[in-house]
Structure formats: structure tokens, C-alpha cells
Amino acid sequence: MVRTAVAGASGYAGGELLRLLLGHPGVEIGAVTAASNAGRPVTALQPHLAPLAGRVFEETTPQVLAGHDVVFLALPHGQSAAVAAELGEGTLVVDCGADFRLKDAGEWERFYGSAHAGTWPYGLPELPGGREALKGARRIAVPGCYPTAVSLALAPAYGAGLAEPEAVVVAASGTSGAGKAAKPHLLGSEVMGSASAYGVGGTHRHTPEIAQNLSAIAGRPVKVSFTPVLVPMPRGILATCSAPALPGVTADALRSAYEKAYADEPFVQLLPAGQQPSTGAVTGSNTVHVQVALDEVAGRIVVVSAIDNLTKGTAGGAVQSMNIALGLPEGLGLAVTGVAP
Amino acid sequence: MVRTAVAGASGYAGGELLRLLLGHPGVEIGAVTAASNAGRPVTALQPHLAPLAGRVFEETTPQVLAGHDVVFLALPHGQSAAVAAELGEGTLVVDCGADFRLKDAGEWERFYGSAHAGTWPYGLPELPGGREALKGARRIAVPGCYPTAVSLALAPAYGAGLAEPEAVVVAASGTSGAGKAAKPHLLGSEVMGSASAYGVGGTHRHTPEIAQNLSAIAGRPVKVSFTPVLVPMPRGILATCSAPALPGVTADALRSAYEKAYADEPFVQLLPAGQQPSTGAVTGSNTVHVQVALDEVAGRIVVVSAIDNLTKGTAGGAVQSMNIALGLPEGLGLAVTGVAP
Amino acid sequence: MVRTAVAGASGYAGGELLRLLLGHPGVEIGAVTAASNAGRPVTALQPHLAPLAGRVFEETTPQVLAGHDVVFLALPHGQSAAVAAELGEGTLVVDCGADFRLKDAGEWERFYGSAHAGTWPYGLPELPGGREALKGARRIAVPGCYPTAVSLALAPAYGAGLAEPEAVVVAASGTSGAGKAAKPHLLGSEVMGSASAYGVGGTHRHTPEIAQNLSAIAGRPVKVSFTPVLVPMPRGILATCSAPALPGVTADALRSAYEKAYADEPFVQLLPAGQQPSTGAVTGSNTVHVQVALDEVAGRIVVVSAIDNLTKGTAGGAVQSMNIALGLPEGLGLAVTGVAP
Amino acid sequence: MVRTAVAGASGYAGGELLRLLLGHPGVEIGAVTAASNAGRPVTALQPHLAPLAGRVFEETTPQVLAGHDVVFLALPHGQSAAVAAELGEGTLVVDCGADFRLKDAGEWERFYGSAHAGTWPYGLPELPGGREALKGARRIAVPGCYPTAVSLALAPAYGAGLAEPEAVVVAASGTSGAGKAAKPHLLGSEVMGSASAYGVGGTHRHTPEIAQNLSAIAGRPVKVSFTPVLVPMPRGILATCSAPALPGVTADALRSAYEKAYADEPFVQLLPAGQQPSTGAVTGSNTVHVQVALDEVAGRIVVVSAIDNLTKGTAGGAVQSMNIALGLPEGLGLAVTGVAP
């Protein structure tokens, strides 16, 4: 049995990690920690985690986190490095925060306003070379939820050299992506019946991460215009991604590139022609639904992808990466089927 | 491996059965049938069931359903008897419809307007004697979703003789309980932002089933006033149930009755004092959350229960009952944790 | 032109008051005040109130509120008395808070935990004698949102002497009724896809107000079991109310009582037989939809009513009462049509 | 009093027209017609229109529609020409359908598959020259809901010559835009908790209408990549629109262009810097909220606009255009304030 701990377990990412770990046949759950919620019963904040009834959040300290095979971090940005430094190389540390995702220290500082902590192996196995980078890893940076949806949507187009390096992405997200801290604009009264954009004009922190991924695949810098949109649902990201098609690209060539890229991926489903992804179909699962089209009038490749932001977009990606790092079956403890409707 | 079939698999109950069976380690899925949707790809109608990609709905015929160990029926009311008659006693038939739930032929005729087909063992193991009645059964009638939520809410009060035999129930339900047939009042535009009652005045078909259960527990006829309310969510039932307290009943005695009734039930959680059930916490799980209070001014026992109408309220209850009937571990393939938020 | 002020205008009740006053042809808007939000632009907190762009919330002080014909108070409970004391009898004060609703000082203290401030004329003109009590009034206590929905649902039954004095009410409410203060359980992620009860067991503060109204109509004490349920919509209350029918009550007599009670009420619509109220149909309007049924098996009268909690349930009721007090046409500035779907 | 009729009044556009006309002080409502719903009570299908209780839908015939000053058509595409032909030039015909919007017969045929009926004055007064074209008009083509949101978002950028002629638009829409016909994918169970794109790859019928508008403003052909996304709300469109900025464009120049374009528009609000549009703030109103940003890294102008698809996007635009055509105050009967939250 792999012994796991979750630090920062009172939020949505932490709750989803616990949900998946409770259903994972190869792990047991050790420490479950929180910051201001330390001392409170787990099920007071996570009432859906019935099997943890009777347990209490511990404080996030090195002593509490010591002695686990795997420690998942679901902490606010900027706190992971200090915690990880206390955990030896014998411990697999899987960071759901942003701290170790970006390679460019300048980009990190521009978007996060603090010193760059470094770069860890990136937990998106479906990217070219992604799976290999995770085998045996002892430190993993789980991708952001938007970068997961967008990178998997556009990777085959850039990998096959079909698109100009100028991507435009508008992604609708459920509210859990904004976290569990009580803020007025996230109240149910505000979000139900309303859609709104945020981070407009290239200011969202996931923008450089998306550009980093696409540029690596394309082999040249890809400019990314990214606008996230908050829509009235608790979970899910629907990413609508487009880029100018290079001259001569055909719809058949485009679809072939996607079929080839994802033929053997257990968690990526290229939908049959004519069927569009919906986030509802992947709720609670680690699955990515993708559909691709060529708009010949506008001259653009248009790709739509759907994920559950908390599962494949965060905790599911973390567990999948852990499985690979530890040599377990990649899909252990992860659902392919969504909870729908 | 137990070989299962699902008849009527293109609707919501059928889809949930398939979702659970796909995750059940002791079964394999054989025939998957539909009526007007026969011939269509399964994932065209159930896009969340990715592992069934490539399969097509077959027609619901005796030939197609033959040769399975278990056949689940998710058919419109009135069709189950004819299908079951073609399946020998060697086959376990689990009916998610209403046909075999009521014992009183007159009540059946009054509420369903057709001839009574009979009565099968009732798939609610948490009721007194319920588990025993299912062991080795070859025919099982899965309870209605509202009767599941209401009967488990009030059973301890009536079982311990604490309440007058006059229950008042108002239950809020998500829209999947109304099925997948396209009707104008079930359009998203109509249901989002709106709550409405239906079946008002004792006309909902689940009323006699609730009364049958409560009367059996109380050992005398229990009158039931039941009003279902449609609220804007896809899944979930929140049942608010009350009955006059008998003279001398105390809050402590009441809570003790509930603690005793559910101490060993794997799928029923009496919440800690001060915590109220919410349907979101049980989404996708087979869990029932229950809380009980004594209103001393009004002189009433008030019990609130939350279930997922498609899981514990239909398909989860069906799988749980199948497990008991076949001698498998009762919780096999069923989640205790909900998918929240 | 009647000059109006709104104190506590940054919340939901205050915002709805401003929306209605902006559309009212007989008033102009003077002071618009807030507490912690004083100094912020009105449209930063109330972006839907475009005509107030450029205005800033003032502080809630006697100086700022002086010199208006009408002052609406949308303050936290317990603050209205002090503010009203500074406003002379020449000013009509309309209090949307609870402070002056209850007649029984003991009930006030039990439910609100502070000293009783007194009782003002009650702003529910559709109750027997209600309209007369408001004519020329200089102080008005606007009813709670639940008491509005419930009292209008059951008033004809008790007024005509058809029901036993033991009412059971379960009311589904949108989240705006819980206010705009950011609390974790009111986050969109928590409320979407979930229903939950609160104030269970007779503890909700609107319980004695409902009992006070029904008892006055019935002419004897009415016991009330009241359970509010939070459902995923921003606005609306659907109240399902029932009481045992007195012996000999018929469905015809029941319907006649309701037809008679509401035949001339501009804002109460008894729906045609067979049509149930839905909160969506009254969104943004001052209208109450009512339907009534007799459940002969359970022996209960069942009444369902729908209102918009912010309009008829708060700000619309306040404006309607102001109109009556000032001798203006009762419906001025109030919509009868809802914004649906 | 202007005497109006609404043809096709049982759907969402027709219902919204009736709602607005009921609140319009300068009109009275004559014929209210439907197709398959003819003979049914208006409030059975439009329960929010309480003042029309007692009225019945008539059939859509020339006789019924004769004798009105204004006839609004809310008919399926392709039916307006025949109805309009029966109405003399003395009657103002306002068509909410698509039939007379496109100038290019080839585009019409490509997207609608039928013969082109012609082109009428276009009901979007905020476009350059738009208001003048409507004065005294006897035939008006109301714009599509998406073209309204998108054209007003990008018009100032193209009007001031700041953007390359290659626009990318992703617009989130509430479900009422898809109409009231009961289709399985529009069920509440399907749309709640789920976002999905449709008409992907340039196939949505509003694409050529958007391109027509933007090209006219830019004075050269503008290529448009348009993807609509269905999100879980009944009303509202949030359009995220971008185009490459021409060299040398600054954020200040961009904002100035928008301030200048909309300074005097009663229904278009350029929000203060830092505030993003949300559809909830414009629900039920004729208001358009707009915000603009320059993404200097991606080199793109990004504009977000919010409208209510049924009000400004359909029925409100129709009434506003009628007001202009008849010489009434442009805003008569139209709300500037939204119903929020």
C-alpha cells in the first residue's frame, strides 16, 4: 500500500484528491492537513467524503507530512517550495499549485510577482514525451486546469505542423476553479444566470503556461490570446481553441493528425464527427473529450475540448501522474465514465 | 463474472445502471437494449459512457435478453411483466419500474390505471427485514426514488413508535427524475431559475408506495401527504418529512432511535447534530444523508434526507439489491463518496 | 415628485428597491447609503443599475437621510429603530428588516435575542384589513419574504374557517434571500446542483411571524411547522403549505374561498385548475401565483404559492405599501408580468 | 395608441415581445397568434404574462393580422415573406426572423437553403447610420442575437480602423436562444452543469450576418471565425471577440474609440476600466455592457459584450426599432436596468 498525504485538503482541489484516493485500490490515506481549518472535522468541510467521518484536519507541518510515500500539495501559490524542501527525495511530491510549472523565471515573476522556485517534471503525460518524463519522478508539477484543456486541444495541430503560431482561446469554466474562499462575485446569487469573463487581455496566470506548452510542441514561439469565462456550473472547462490553418491543410489531414495523436490515449477521446464535447459528459472523470473542425471560410482550425477542471484538470491529473511515477497502472483509481446527467 | 443486461438503456436510469456496472468489478455487460433508439450508437445518447464507444443499442427482445445472469429493466411502467415472463427463474430480474412494488392491487389500479402485475421482493435493504427478503431473490422490485428518500427518513421514527401516523412530505427533486423524454416544461430554459410543484394533492404515483412502506413499519395505516417539487438541478432528492410527535417524545429519544437504526448501515449516514443534508454531497453515490429534529413548539418530528435519485434512488439501489441477492459484498461497485462540489 | 432614500443599498434588498424606484414614475431617488461600502461607486456593487452610474454610496447617517419624503431601510436586524428615531413623523419610514414585525415581545426576544423595538403597521395589504392599516401610515414594517408567500397561501383557508390550526410549510427559496455577505455555503460551487434545508425544527426567525399572521386570520392560535429549503436559483420562493381540512370541507368550497379572497387583488393570481405556480413566472414582478388542492386521502388542504423573494417578498411589497400610504395608485412602478424564461 | 399584433407569440421571442408591449405606454396589444398552439390560453404557455389571462392564441392568418399599425413576426425562418406580403405598406412589419437580414443572396442560400426573400432596413440603430435607416421605415429586419452582441462589440474597433479584418468570436449563450421546441439536448437535465459548443467551424447561420455588419463598418471584407457555446442559464449572451491590433494601436487610442462611439448611446454602456460585463446585470433590459482591452503580448484587441438575448438581442431591439420608425422616444417601454441578481 502506498501511503499518501494531502496538504491543503479543505479546498476543492484537496477534496477531489481525497475523493480519488479513497477510491484508489493501491493507496491509503495518511495525513490530511489544512491551514485555518486545522482542528475541524473533515466532513464538516467536505461532507461528501463520508468515509473520513471522525477524522480532523491536522496542521500543515513537516512533522505531520513526514513518513508518507506520496505527498500531494494543494496549497496557495508560493507555499509549495518550503513544504517540499522538508520532504526528502524518498518522498514523491505532487504539487497541484503553479510554483514549479513555468520554465522561464521572468514569466513567473511577471505573472506571479514572486521569485521563481524552479521547474519540476510536468504532469501531462499525453503531451509528446510527457509520459516518459514522469516515470520514476520524485517531484511533479500538476498542470493548471486551463492549460490541460487547451494544450490537449491544440497539441496535435501544432505537433503535426498544421497551424500558424497564433492561437486564440476562450474557455468557459465552472466556478470551482475559482476556489472555495468566500468572495462576493462567486456567490451563487451572482453566478447563477450569469456569464462573465475575467483575466481579459492576456492577464490570466495560465497564459504563459499555455504558451510554454504549445511552443514546445510547435518548436517555435506560439502567441496565445486567452480569455477565461466564468459560467454557471460547479465543474467543467469547455475550451474553444483556434489558430489559422497553414496553407493546404485539409479537413482530412486535420482529423488524421488528431486520430493518430490520441489513438492509444486512455483518457483522451476524439469524438465521432458531428458530436461536440460537453463538460457534463466528463464530470467526475479523468476523460478529455475533443472535437476538431476546419473552418475554410475563416481559414482557421477550431478545436473544442471538455474536461472536469477538478479531476483531469487537477486531482485526476495528479493521481494519473503519481501512478506513472510509481509504476502503477496509469488509470488506477480514475474513472473514464462521467457522472451524467 | 456475472453477465448482466440492461433493457431500456437509453434513458437516465439505464445510463446510470451502465455507469455503475462499468465500475463494478464482479460483472460484465452483455446486452444493452432500447426501444426507439435501437440501432443508434450508445455514446450518441450516453456520451459519458466512453468505454461503450463502438457499441450500438439492440432491440429489447427475449432473444437479446436471454443468456444473462442478471437482467435490469428500465422500461416504462407496465412493460416489465411481459419481458420478465420470458426470462426463466434462473435469471435474476431487477425491475427499476413501478410494476411490482405495490401489494394492494386496488391502489395500483387507482394510480397506474392498469391491471396489477404482482409484487416482488422490495429492493430497500435498510428497511426492517429488507435485507433478508433479498437474499437469493430472483425477482426484485427497485423502489421509487421518492419512496427511498422518504421511507429511510421516517422509518426509525415509526419503527420506534415515536410518531403519529400522519406524515407530511415535501420533496425537492432534480429534473432527471422526470426522465429523458423531451417535454416543454422540462426544457433547461423553463427549469433553470424556477421551482414548481407537481402531482399536488396526493396524486403522485409514489404516494401509495410511501404509505405502504411506512404503514408496514408502523404496524398500522399511516396517512401520507406528499408533494414533489421540481428544482433546478439535474440530480438529487431532498425530502423534508414530518409527523406529529407522540406525547412524551424527547429530542434525545428521537436521536437515539436514528442512531440505533443506522449504526451499521453502510449507505445511511446520520449526520452530526447541526449539520444538514445537501443533495450535492451525495451526487453519484449510493449514500443517504439524514438529519432529525424535534420541533417542540409545533409538536412535530422533522426529518430531512438527501439522496441521488439516479444512484441510491434507482440504479444504485438496484445494484445493491443485486449484490445481496447474488451473495456478493453489498457495496461492490457502489461509491460511498459523492462527487462534490 | 416624492423624494426617496434607500439606506443599506449595497445588498440585494437595497438593489431591488433602487431598481423599482428607478422605474417608478412618481418618485425620485435621493440618498443612497451603505455601511462598509460607503464611498464605492454604486454600479461597482450593483452593475445592473446603469442609470446610477457616477453615483457613490454615502454613509448611513441622520444627516444624509434627512430631507426625504420616504426613507427605505434595508439594514441588518436591530439597526432600524435607531435610524428611524432620527427621522421625524413627517417622513414615511419603510423598514425591510424584521425589527417592527412581531407583536409579541417574548417571541421577538426568543428568536432575535435582543430587546423588542415595537410594532409598526404591517406591509401586506392583501391580508384582511391589511390595506386599511397602511393608508396614511408613517411607519411600515415590510413582511419577511417567507411570511409573505405563506400567509397569502393560507389566509383564505383560515379566513374561511376550513383548516385545522396546524400548518406544515416547506418553502424552497433562491439564494438571494440569504443576502450578499460572502459565506462559504452560499458559494455558487456549493449551491449549484444541490438542495439543502436550514433552520430545521422550528428555529427559523420567520416562524413566529407566519404564526402571528395565520393566528390573526384564524382567530385562534395556529401552530406552524416551517422548514426553508435552499435551492439552486438566484430568486424565488415556492411555498408548499398544508393543514388538515376541517370535516366536511369540499374541493369546491375550498376553491370558492380562494376565488373570493383574491378576485380583486391586483397582485395575487389564483391559477386556473390544473396549472401549478412556478417561481420563474413571477421573477422580477410583484405577482403572487397561488394554486389550491384538497387531498381527500390524507385529509389535508394543500396550497402552493410562488413569489419573487426580492420583489413581492421585499422591495416590491415595500413600494406597494408606500404607494398605499401616500395615496398613490397601489401598483405604480410595479410589474405584474414576470421576466421569463 | 399604436395597435400592435404579435405573430408566433407562443415561443420565447414572442413571449418577450408581449412582455415588453404590455409595459409600453404607447401601444396596445391586438392579435396574438400561434401555429400549433392556436386555440390554447396564452397564459397556459406564457404563465408570466398575467395581464393576458383569459386570452387565447389565434391562428396566424392575414385576416387576423389585418388592421394593426405594427405587426411583429416571430416565426420560423422562411415564413415571414408570405405573411408580410399580405400586410400593406401602411403597416409597419418588424421581423424577428432571419429572412430579410442578409444582403447577399448567395450567402442566404448557402446558410439557409432556400431562396432569398430580400433585404429590409436593419434594426440595430447603434451601428453607423443605423438609426437613420430606421426612421419612417415600414419594414424592419431585427438582427440576430449573436450579431447584435458581436457587432456592437467590434464596431468601434473597425470603425476607427484599429483592427485587422480577421475577427475571432466565441459567444456563450443561454438556452432560450435555442427556442422552446422540446429537443432532448435542451432538457434541463442535459444543460444544467454542462457547457457545449455547437455550429463549430463556421457553420452557424449568424456567421454571415456578423461578417456583413463588420465588413460594412470596416469598409473591406472581414473574415469571421464564430463559435457559439451553450451554457447553463436561461438568458444572456456573453461575446468574447478579438482581432489582431493594427501596428501602433495603443490602449488609450482603443478606449477612446469606444468612448467616442458610445458616449451618447442610451443602451450601450462602456464599463469603467477594470469592470467586466456579466450577462446577469442586463437580464430583462435592453442594455449592452461592453469592455475593451489590448493584449500587447498576443497583439490583439479583446472586446467582451453582454446582452440579454431575448431583450436587446431580439424583442427589445424590435421595440427600439419600432419606436424609431414611428417617431416615438427611442427608449419607450424598454428598461435600462437589469433584473439582478
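Going in written order, the chains are labelled A, B, C and D, and every chain counts its residues from 1.
One rule holds in what follows: contacts are C-beta pairs under 8 Å (C-beta built on N, C-alpha and C of every residue); 3 or more make two chains touch, one makes a residue touch a chain.
As the structure is a computational prediction, the values presented were derived from the model and not from experiment.
In the touch network of chains, how many steps separate subunit B from subunit C on the shortest route?
Graph distance in the chain contact network comes out at 1.
Counting C-beta pairs in contact, which comes out ahead: A-C or A-D?
By the number of C-beta pairs in contact, the winner is A-D.
Quick one: report the Å distance separating subunit A from subunit C, using the average Cα coordinate of each chain.
45
Using Cα averages as centroids, what's the distance between subunit A and subunit D in whole Å?
Roughly 37 Å separates the two chain centres.
Enumerate the residues of subunit B that touch no fewer than two other chains.
Subunit B, residues with two or more chain partners: 12, 176, 187, 189-190, 192-193, 232-235, 278, 280-281, 283, 340-341.
Give the list of subunit D residues in touch with subunit B in this complex.
For subunit D paired with subunit B, touching residues are 12, 174-176, 178, 180, 182-184, 186-193, 232-234.
Can you name the residues of subunit A that touch subunit B in the complex?
Subunit A residues touching subunit B: 12, 15, 19, 22-23, 41, 43-44, 46-51, 53, 176, 192-193, 234-235, 269, 271-272, 275, 278, 280-285, 287, 289, 335-341.
Touching subunit A in the complex: which residues of subunit D?
Touch list, subunit D to subunit A: 166, 168, 170, 172, 187, 189-190, 192-198, 200-202, 207, 223-227, 229, 231-236, 238, 240, 242, 276-281, 283, 291, 293-300, 302, 304, 306, 340-341.
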